[in-house]
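Alright, structures below, take your time with them.
Shared between the two complexes below is chain A, which pairs with chain B and chain C, respectively.
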Partner chain A sequence: MSAESVDETAEAVSAVDNATPSKKIRLLPPDAPLLSVQNVTTSFLTPRGVVTAVSDVSFDLYTNEVVGIVGESGSGKTVLSRTLMGLQPKRGVQVDGSIQFATPFTGTADEVEGPMDENPLVGFEIARAKESELRKIWGTDIAMVFQDPMTSLNPVVRVGTQISEGLRVRLGMSRANAKKRAIELLTQVGIPSPEERYRMFPNQLSGGMRQRVMIAIALACNPRLLLADEPTTGLDVTIQAQILNLLEQLQADYKMSVILVTHDLGVVATRTDRIIVMYAGRIVEMGTTRDVFYSHRMPYTEALLGSTPKVADPSHTRLTTIPGRPPDILNLPQGCSFAPRCKYVTEKCLSERPELTPSEATGHFFACWNPIPARAVPVASPRASANEIGVDSDRD
Partner chain B sequence: MGRYLVKRLVFLVWILLSVMFLAFLIIHLLPGDPAQAILQQGWTPQLGAALNKSLGLDKPLWQQYLSYVWNMAHLNFGTDWISGQPISQTLSQCLPPTIEMVLLSQLLALVLAIPLATLAALRPSGIFDRLANMGSFGLLSVPTYVVITLLYIPISEWLGVPNSGPASYVPFTQDWLANIESLSIPIIALSIGSFVVYFRVFRADLITSLQDEFITMARSKGISKSRILFRHAYRPSSVALLSAIGVNMAGLITGTFIAESVFQINGVGGQLLQATQQPDYQLIQAIVFVTATLIILINFAIDLLTGYIDPRISRD
Partner chain C sequence: MKLELTVTATEITPAVEENERKVLLSVENLKVEFRRGGHVVSAVAGVSFDIYEGETLGLVGESGCGKSTTGRALMRIEKPTSGSVQLDGVEMTKMKGRQLRLTRRKLQMIFQDPVSSLNPRRRVRDIVAEPIDCWRAAKGKERDDIVFELLTKVGIDPRVYGNRYARQFSGGQCQRISIARALAMKPKMLICDEMVSALDVSIQAQILNLLEDLKKEYGLTLLFIAHDLAVVKNVSDRVAVMYLGRFCEIGPSDTLYAQPAHPYTKFLLEAALDADPDSPRHDEVLGGEPPSPLNPPSGCRFRTRCPQATDLCASEEPQMQTLSEGHQVACHFPLIPVRR
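Up next is the complex of A and B:
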């Protein structure tokens, strides 16, 4: 993975702010991250009060990179993925911070401040864009694979129509070409007899097939960033592995960046370059997959890893659980949100919230007052292998 | 779809036969005797028995039922024992204005309800939504005869629409424009009740559909708002609307009699009321048969449309 480039991105953000008075567009540096998330906070204005589902999240995502966002139910990972795409409804929802998406610059050289690059990039501010502006990048630049393909496919529209719709509307393809491409996509996501399926309705397909269709819809317009929000939650374990392998292969084929949102560490272990662990709407640990698995410092990450079942365990081994319940986000504790459930809790944890700090051993980030001691990390490719970690990743 | 259609058709034919059986029983269940109704003051036991014999009413019940089903199936309604007029002629006079009023009032109700419901659903509990909701409830609570009277002033007096007053019914075959003018007030009055139902049903379903996950998915493709509305939200929202249309049309076929009697239009509702008061058993049977058939056909059409709009229903 690339080094944490907080300074670099801070510059990029101020560049966007400065661009307005001079009316010249500041290009992003060629090595700028594809997605730069800075201090993003998403709050819902509810009758019970302001509910902050995502707090102060910052990270960068580079081209071709696969990042896993892990957390239990209610940790804010789904809200975060929708916020990143700008899909949150505008009414009743407040998004603060900056989500800068690098998009190719299509204007001329005299609109640009400074020298023109070979492949010029400009920042598109997702957090403050109107829906009409977002529509220009949805599908073609950022696409999403939704959690439950039963409810996220339109039950009364043919599968083929749902795939070719984006092609026709966004890419202006003719009916015949769109159909050809849609059938090609169905083949690519591993659906047998695609011509037949093209004419079917979602309820005629199995859960795994529906998720493949969902992926085909997301891939239709060749997005550069794919957000997969728990893409395998509602599926059988054998189908889960198939879908994840498919996503991994398509990521390589399409040269996309992928954000894989999941509650299952096994899912992210072998398929991500980096992992972001979320708890109660905040990032509590973030680093390369290898660092997080081998040298996690945050007790919550340890607890999450401990509660993943392993094949090596003898039969009837009791599954380790994290005591207590995820906190009520309307009523967060004053200090560390995890403190009430943490076995290493100290006085300080209950009164003061820890900030993300780099680990002295690996340089990856964690937020904890009383961290687990750093451990040595075997040197190899950033993606850990399932055997090494002892996580039963495919479970098939 | 094919199996679904056959199933619906079998079900509807079964209903038609049941309704016909009940209509047949009317003669034998209603108090009084057909001969008495025909002869009135001139009735004596001997004359009555003779008349019953000549009408075939002395035969065993099953024989009468068979010949009744046979006649109805051939649309042979016979001659009215009381007026001496062929019943088919009475029907051909009273059916067209009723059917026209039902169809046009439904069309008007839908043309108004769908766009207004859409506007309301786009901003639920917004100003327009709240106003429209209040207004529609207000309309619903005004009885038809009051609405008709109230409509008379603006339409006939202010706008001066010709032929729009009472007792000015012009048959469609004579002059179609004058015909529509003459039915304008009853059509508007009849559409109000349906409009309120359609508005509320479609608004509620559209609000639900627009919150569905597949709408978010459609948005994420970057397609326009209107496309999301028409291609993705309308279809799943119209199933309840369709059944409401079926129920309303069925109710209106015999429920137009208030409007008919105010405007002195010779329609099905009024004719049925008259036949029951007489009592003219043959006419009752014929009207029950015809209206039941119409209602069943409407329901079949609604079932067809529902199955087309929501493939989950037609693939049971």
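Up next is the complex of A and C:
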């Protein structure tokens, strides 16, 4: 990180914590997104050169919204979710761009520039925050559920202790209260006989149970944003259905925003409001779930959907394949990263990189020079609109 | 690199008439038990099925249900505790030594992890040639020609990649090499154990299509073991559903997926997620987790999680009964009526 950006960090930190009278804090508008990601690029400095795993990613995430990030391995989806969380180490990793998280403002009116709203929000810059600053929002504002619950849980600490730890450290609960709340959480995530499980070690639980414990830890301090990175990969289908239903129900109960990172299009199809499709570190298509599934413009999205077998299709349905394999992010092609595998490739695709542009039909974004024609998006069945209930963001 | 293979030998079609189908592999009451610290785990608790020549039988189930152990027992990687496995009418379970090795040539297995099933220190052409060398099936130019043809068939250009080492390949390419090696001795049957579950969807589709092409070209019979219901349906002619060491249901893919007769099959299918926002959502999901195979429930093994279980299910183990042509279920109260 350059000296200049270190200065900026210091400024940003002081702006949040103790503003001087000469420099007043600018509040975010009340309808500001919960998370505003602008031109985020994450690069790793490796012996083989600078590897840019995430390039120029921008999107907004609103309160109570569920966004799916899909892509194949190496598409940068996990690096992106770790960057959003502020989990990238400072050494050897460079994060550019801005990740602004809207946190409630707790100061007084005279610290604020202009009039103060009813529930004032102030931006917290995750991309340049120090770890000590990040620790204040980890767990309480942003929580994460990782793919592998066995390696994320401490094998020599009882699961109950691991849940109540966060409650005691972040919320300052007493030992007894934290235990009570932890058992409550275990019940909430559907673990039978929670008192007994409270005293167990992670290895005594099955994979599904461990993932439930991870979710309980993530929800312990009532976060406003939950980042779930492949939460059901490696679990059996019936357990996957249980966990996804649980996440959906908790999202509605807690009125959280959720980012669901997965390689499985089936996981995001019925459980997200919007989808971001990533390829070689960039967003290649982004829009509402229905627009992306039914009126995708980017050939990669089409190819990804075509190569996914469906239970509803008759057996021996020929799958459409994408020739070749995902590119090596160390030497990406000059133009569109997907061009070498794309069947609609043109001269321009090989030399110039397409930017995200809105689709004239649906308004969702795609990055392609030779897009697939827009199609009509079928009207959602009544079930989808039932999810709209409880959209009001009246959280405490 | 040439990736899409064109099918040349279309005249070999697996769809032989119903009454003249030949049973290639016949499994009767197969049991595999493991002894661990005084306990007996019955991983496979008596399964019976036939695989017809030229068909693909899919085997689905959740982890720990014994589907992989079944596949391994057929290969005699695990020794069956009891039961019979007949390949082409020849009993395999009692075979030993050279006779077993000779029979195994007809039966080849492809494993889940493509990278660790290939020797990282050997060249690709030698990996593929190993079965030929072992059996001294061909030498010199003839051997090289077979290897060249096999690698070309699976979409690995032998002139470019033949001399490379297995570690230099991606997962999808390693799986192609595994297929080439498995085909080297012209087997009659392939057992594919979760062969695409470690691959990305785009690569998975390539391998599945390749498998379909090769199956037609070489007239192969497949036992396709996987946990992914959509993948299994895509490749299989018939599908068997396994739970805790036993078969719940077996039937033609399209029939079984459209009209599951066993409550477990129904729950399993409802839990599968299709990449379609308008696919039906089922809010009633199967609760709980499979019981330990160390101490399986009495009677029907699914009864502890089954919403319609009765006393009969606890006391009496359901036997396979026929619903329609080729569709069988092991349930006292099947979801579709039994043909009398």
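Quick note on the criterion: the second predicted complex is superposed on the first by the 350 of 396 C-alpha atoms of A that agree within 3 Å, B and C clash if a C-alpha of one lies under 4 Å from a C-alpha of the other, contacts with A are read in each partner's own complex, and residues count from 1 in each chain.
Operating definition for what follows: a residue touches a chain if its C-beta (ideal position, glycine included) is under 8 Å from a C-beta of that chain, and two chains touch if they have at least 3 such contacts.
Just so we're clear, the structure is a prediction, and the values are computed from it rather than from any experiment.
Superposition of the two complexes onto chain A shows chain B and chain C fitting side by side, with no clash.
By the touch criterion defined above, A:S152 lies against chain B but remains apart from chain C after alignment on the C-alpha atoms of chain A.
In the superposition on chain A, A:N222 makes contact with neither chain B nor chain C. Using the contact criterion defined above for the overlaid structures, shared-chain residue A:S174 touches neither chain B nor chain C, since it reaches no partner. Touch criterion not met for A:S351: it reaches neither chain B nor chain C. Once the two complexes are overlaid on the shared chain, A:D264 sits against chain C while remaining clear of chain B. In the superposed model, A:P314 lies in contact with chain C only, and not with chain B. Of the two partner chains, chain C is the only one that A:G324 touches; chain B does not reach it. With both complexes superposed, C is the one of chain B and chain C in contact with more chain A residues. Once both complexes are placed on a shared chain A, the shortest Cα to Cα gap between chain B and chain C comes to 10 Å. Chain A residues in contact with chain B (one complex) as well as with chain C (other complex) do not exist. Across the complex, chain B is touched by residues 85, 87, 131, 134-140, 143-144, 146, 148, 151-157, 165-166, 169-170, 201, 203-204, 214, 217, 220-221 of chain A. By the touch rule above, chain A contacts chain C in their complex via residues 72-73, 206, 208-209, 236-242, 244-245, 263-267, 269-270, 289-290, 293-294, 303-326, 378, 380-381, 383-384.
The touching residues of chain B, counted against chain A in their complex, run 212-214, 216-224, 227, 231-232, 235-236, 309-312, 315. On chain C, the positions that touch chain A within their shared complex are 1, 3-4, 62-63, 170, 172, 200-206, 208-209, 212, 227-231, 233-237, 253-254, 257, 267-279, 281-283, 285-287, 289.
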